[in-house]
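Structures given as C-alpha cells follow.
Two complexes are shown next, each including subunit A; its partner changes from subunit B in the first to subunit C in the second.
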Partner chain A sequence: MRSFVFVALAVAWRGVHNAFTNPAILLPSLLFPLFFFTAFAGGLSRVSDVPGFDYPAGYTAFQFVFVFLQSAAFGGVFTGFAIARDFESGFARRLLLAAPRRTGIVAGYALVALVRWAATASVVTVVALLAGMDVLGDPAELAALVVLGLLVNVAAVLWAAGVAMRFRTLQAGPLMQVPVFLTLFLAPVYVPLALLDGWIHAIATVNPATFLLEAGRGLVAGEPVEVAAAFAVAFAAVALFTVWALRGLKSAESAG
Partner chain B sequence: MTRPLLLQVGHLARRSVLRTLRQPLNVVPSFVFPLILLAVNVGGLDTAARIPGFPTDSYLDFALAFTFMQGALFATTNAGTDLARDIQTGFLNRLSLTPMRSAALLLGQLAGVVVLALIQATLYLTVGLLAGVRPESGVVGVFLIVFLGVLIALAFGAIGAFLALRTGSGEAIQALFPLFFVFLFMSSMNLPRNLIEIEWFRTVATINPVSYLIEGIRSLIITGWDAQALALGFGLAVGIGAVAVAAASVALRGRLARS
Partner chain C sequence: MQDEHGIQAEGLAREFKGGIRAVDGIDLQVAPGEIYGFLGPNGAGKSTTVHMLTTLLPPTAGTARVAGFDVVREGAQVRAAIGAALQEAALDPLLTGREHLRLQTALHGMGKAERKRRGEALLERVGLTQAADRKVQTYSGGMKRRLDLALALVHEPSILFLDEPTTGLDPQSRNALWTEVARLARDEGVTVFLTTQYLEEADVLADRVGIIDHGRLVAEGTPAALKAEIGRPSVEAIPADPSERDAVARTLERFGRPVPGSPKGVAVRLDGGEEALADVVRALDAEGLHLAHLQLHAPTLDDVFLAKTGRSLEGAGDELDTEAEPEPVPA
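After this line comes the complex of A and B, so read on.
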C-alpha cells in the first residue's frame, strides 16, 4: 500500500507541476469552460422565455451546472492527453519500469485531473457568481454538486487513461474527447428535458449525463431531483472506467 | 493572368486538391462535425423558435447557416496546416529555387480550400434540404448560398495561409483553432442579435464580422432576398479575403526572401 501511495503522489506531483507551470496546458482547460459559460449563459439567456421553462434559479445557474460538470469531464480528458504525451515522449515507459506498484500510476494521473479541475471549477464558479448567478441550494446541496463533479472528473480521467494506455499516442485524442463531448451534448444542455422534442428527447431520456445534469440543476436550485440516480450513474461510471483503465495499464505493460 | 502563371497555379492547385482529398482525417471531420453540431443544436434549441420575435418557425432553418461557418473554420486550419507542413518539410524552400511565382503558390494552395468548401457547402445544403429546409430565395438562392459558403471558406483559408506563413508551424495553427471558435460562438449563431438579452454580448455579436457572414447565408434561407444582409455578407467575405490574401502575399515574400 505504501508503494502505491508513493507512486501515486510522485506521478501526481509531476503532473500537477507540469500542468501549472505550462500555460499552453493550463490555459485551454481554464478558458474553454469560461468560454462555453459566456456563450451559453450570455448569448442564450432569452431561451428562459420559452413557454414551459421554469427553472427557479434562472438561466445563468442553469448553464453553470452544465459548464461545471463539462469542465469536470474535460479536465479528465485533458489529463488523458498528458498521459498519451508521456507515452509518446518515452517517459511513461520508463515510469512503468521504475514504479514498484503500477496501479499507483493510474491513481496519480487521477489526482492530477482532480487538482486541475479544482482550479478550473473555482474559476468558473467565481465568474458565474460575479455574473449574478442565483444559488438557491443550501451548503449540503452545493457540497453534493461538488462531489458529483469530482466523480465525473475521476470517471472521465479513467476513461481517457484507458484510451491513452491502449493507443499510447496523442493521435488517440479524438477518441478520448468525442464520446465525452457527444454524451454531454446529447443531454438537455440548453433547455430542461421536458422541453426537448423528437429524437433528442428520446436519446436524452436514456443518456446517463441527463441524470447528472438534472440532479446538479436541482441541487443549485434547492429542489433536489434524481440525486440518487445521478450518484448511482457516477459511481457506476467510476467503477466501469476503473476496470477499463487498469486493463489499459495491462495493455501498456504487455506492449513493453 | 499570364499563361505561365496559369500553368503554375494549375500544377499547385492539383497538388493542393489531391493532398486535401487524400487526407481523410482532415476532410471527414470537416464534413461530419458541423452536421453533428447542427443536429445537437437543432435538437436542443428547437424550442427557441417559440421565443416571441424569432424570425422563423423552424430552428433548423435558422441554424443551417452556422454549418457553413464551421466548414470555413476547418478550411482555415486545413489550409494553414498544409502550408505550414510545406514550410516545415522544406518544400517551400525547394520551390523558391524554381521560377515559380509566389502568387501561383498562394492561389494554388487556396484551390484545395475551394474544392473542399464546394463539397462541404453542397453536403450541408443537401442535408438541410433533406431535413426539410426550403430556402425562401428559391433555386437561385440555393446556388448563391453555396457560392457565399465557398467565398467565406476561401477568405478563412487565406487567413490560415497567412498564419502558416507567419508562424511556419502547424501546431501554432491548430492552437489558434479555439480562438476562431470564440469568434464563432460570440456571434449571432444561436439567436438573432435583437433577441440576445445580455447587452455586452449583443454588442460583441454586433461588431463581430462572423455575425454578418452567418446572417448573409441565413437571409437567403429564412428571409428571401435581403439586400442589406447580402451586401454585408458578400462585402465582408470579399473584404476579409482580400486583406488575408494581401497579408499572406507579404508574408510569403518575407519567407521566400529569408529562404
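After this line comes the complex of A and C, so read on.
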C-alpha cells in the first residue's frame, strides 16, 4: 500500500507541477468552461422566460451546474491527453520501470485531474458568483454538488486513462473526448428535461448525465431531486471505469 | 550494492502479433558484478530482450530471473533492484534535471532528505550540477544521456541495464560514459547489462559478450576468447591502379580464403597467420603490382559476427565514421 501511495504522489506531483508552470497545459481546461458559461448563461439567458421554465435559482445557476460538471468531465479527459502524450513520447516507460506498484500511476494521474479541476471549478464558481448567480442550497447541499463533481472528474479521467493506455497515442484523443461530449450534450443542457421534446427528450430521459445535472441543479436550488440516483450513477461510473483503466494498464504493460 | 544473483534467462522468447519472433529462445547467465555486452545489429532483438528483463514487456515463452526475482511474477522486486537507461532517454522536456531526479527518487519512495542528498550527489557525478535547473528541452544529447544514467542510479541498483547508451554521442561523451560504467562495475560491484551495436564499446567495456542475430544468441564468451576462435588475421590490399584489382585478388587468394573488403580492395583471411604477410608483399612485388594501401587486420568482434552469421555487423560503419577513423574494412 505504501508503494502505491508514493508512486501516486510522485506522478501527481509531476502532473500538477507541469500544469501550473505551463499555461498552455492549464488554460484549455480553464477557458472551455468559461466560454461555455459565458455563451450559455449570457447568450441564452432569455430561455428562463420560456413558459414552463420553473428553476427557482435562475438561468445563471441553471447553466453553472452544467458548466461545473462539464468542466469536471473535460478536466478528466484533458488529463487523459497527457497520459497518451506520455506513452507516445516514451516517458510512461520511465514510470512503468520505476514504479513498484503500477496501479499507483493511474491513481497519480487521477490526482492530477482532481487538482486541475479544483482550480477550474474555483474559477468558474467565482465567475458565476460575480455574474450574479443565486445560490439557494445550504452548505451541505453545495458540498454534495462538489462531491458529485469530484466523482464525475474521477470517472472521466479513468475513462480517458483506459483509452490512452490502450492506444498509447494522442491520436486517440477524439475517442476520449467525443463520447463524453455526446453524453453531456444529450442531457438537458439548455432547458429542463420537461421542456425537451421528441428524440432528444427520449435520449435525455435515459442518459445517466441527466441524473447528474438534475441532482446538481436541485442542490444549488435548495430543492434536492434525484440525488441518490445521481450518486449511484457517479459511483457506478467510477467503479466501471476503474476496471476499464486497470485493464488499460494491463494492455500497456503487455505491449511494452 | 552488489547482489548475489545476477541475471539468468532460459528459453526467453517474445513473439509479436503476426508471428514475428523478436527474441527466439535465449539462454543467458550474467554473473554478479559482471559487465555483459549484448552485441547485435539493429532489429536483432537486443532491446526486446532488455524490455523483458526489466519487466517492461512480458515474455511469451521461457523464464528469466533478475537479482533473484522472476521477471513475470515478481516484477516489483525486480524493478526495485534494477536501474535502466533505455535507448531513447525518456525525459520530460518541461522538467529540469533536478526535477527529474526529484520525480525519480519519489517514485522509488525515498524520503525528502535522502532524495536531496542523492540527487545532488548524482548531479555532480554526471557533471550536470551547473545545468540542473535548466529545462531538459535545452539539454544536448550527451547531457540527456548523462541525466538518464543518473536517474537509473538514484536508488543504488545492483543491476544496471543500458540499452545502446552511447548511440548518437560524440566521442568525448562516449568515453565519459564508458569510464563511469566501468567505475560502477569495478568500484561498486554493479552488474551491467549493456546492449550495443558498436564493436569497440563491447570490446572495451564488456567482461563477456553475447552476440545476437535474428533473436538468437549466436556466440558468447569473453571478447578475447571469441576473437581467438576466429584465430587468423586478414590482409587487405587496395591496388594503385583499379584495373589491377583482379590480378591482386588472384595473388592474394594464394594465401587464404577471400573475405569481404572495402569496395576498391581485396581481402583474404591469411592461412599462415600474420607471418604470411611478408610472403604476400613479396608475391605482389613479384607480379609487379603496385598498391595504394595494404593493411593487416587482427580479428575483431565483427569477424566473429561474420563467422557466425555470414554477414558483417550493421552499424560498424556508423561507429567508425563517428570516431573519424579510417574507412571500415570488415575483413
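Everything that follows uses one rule, which is that the second predicted complex is superposed on the first by the 256 of 256 C-alpha atoms of A that agree within 3 Å, B and C clash if a C-alpha of one lies under 4 Å from a C-alpha of the other, contacts with A are read in each partner's own complex, and residues count from 1 in each chain.
Methods note: a residue touches a chain if its C-beta (ideal position, glycine included) is under 8 Å from a C-beta of that chain, and two chains touch if they have at least 3 such contacts.
Note that the structure is predicted; figures quoted are calculated from it, not measured.
In the superposition on chain A, contact of A:L170 is made with neither subunit B nor subunit C. Once chain A of one complex is fitted onto chain A of the other, the partner contacts of A:Y190 are limited to subunit B, with no touch recorded for subunit C. In the superposed model, A:V146 makes contact with neither subunit B nor subunit C.
Contact with neither subunit B nor subunit C is seen for A:A118 once the two complexes are overlaid on the shared chain. Of the two partner chains placed by the overlay, only subunit B lies in contact with A:W199; subunit C stays clear of it.
By the touch criterion defined above, A:R14 lies against subunit C but remains apart from subunit B after alignment on the C-alpha atoms of chain A.
Within the superposed three-chain model, A:A39 lies in touch with subunit B and out of touch with subunit C [touch as defined at top]. Contacts of A:N22 after superposition on the shared chain: subunit C is touched, whereas subunit B is not.
Legend: residue contacts after superposition of the two complexes on their common chain; A:L136 is shown touching neither subunit B nor subunit C.
Once the two complexes are overlaid on chain A, none of the subunit A residues touched by subunit B in the first is touched by subunit C in the second. Taken together, the subunit C residues at the contact with subunit A in this complex read 48, 51, 54-58, 76, 79-80, 84, 86, 88, 90-92, 94-95, 99, 102-104, 106-109, 151.
If you check the complex, the residues on subunit A that touch subunit C are 2-3, 6-7, 9-11, 13-14, 17-18, 21-22, 89-101, 253-256. Within the complex, the subunit A residues that touch subunit B are 24, 28, 31-32, 35-36, 38-39, 42-47, 49-53, 174, 182, 185-186, 188-191, 195-201. Subunit B contributes residues 29, 36, 39-40, 43-48, 50-52, 175, 178, 181-182, 185-186, 190-191, 195-198, 200-201, 205 to its touches with subunit A in the complex.
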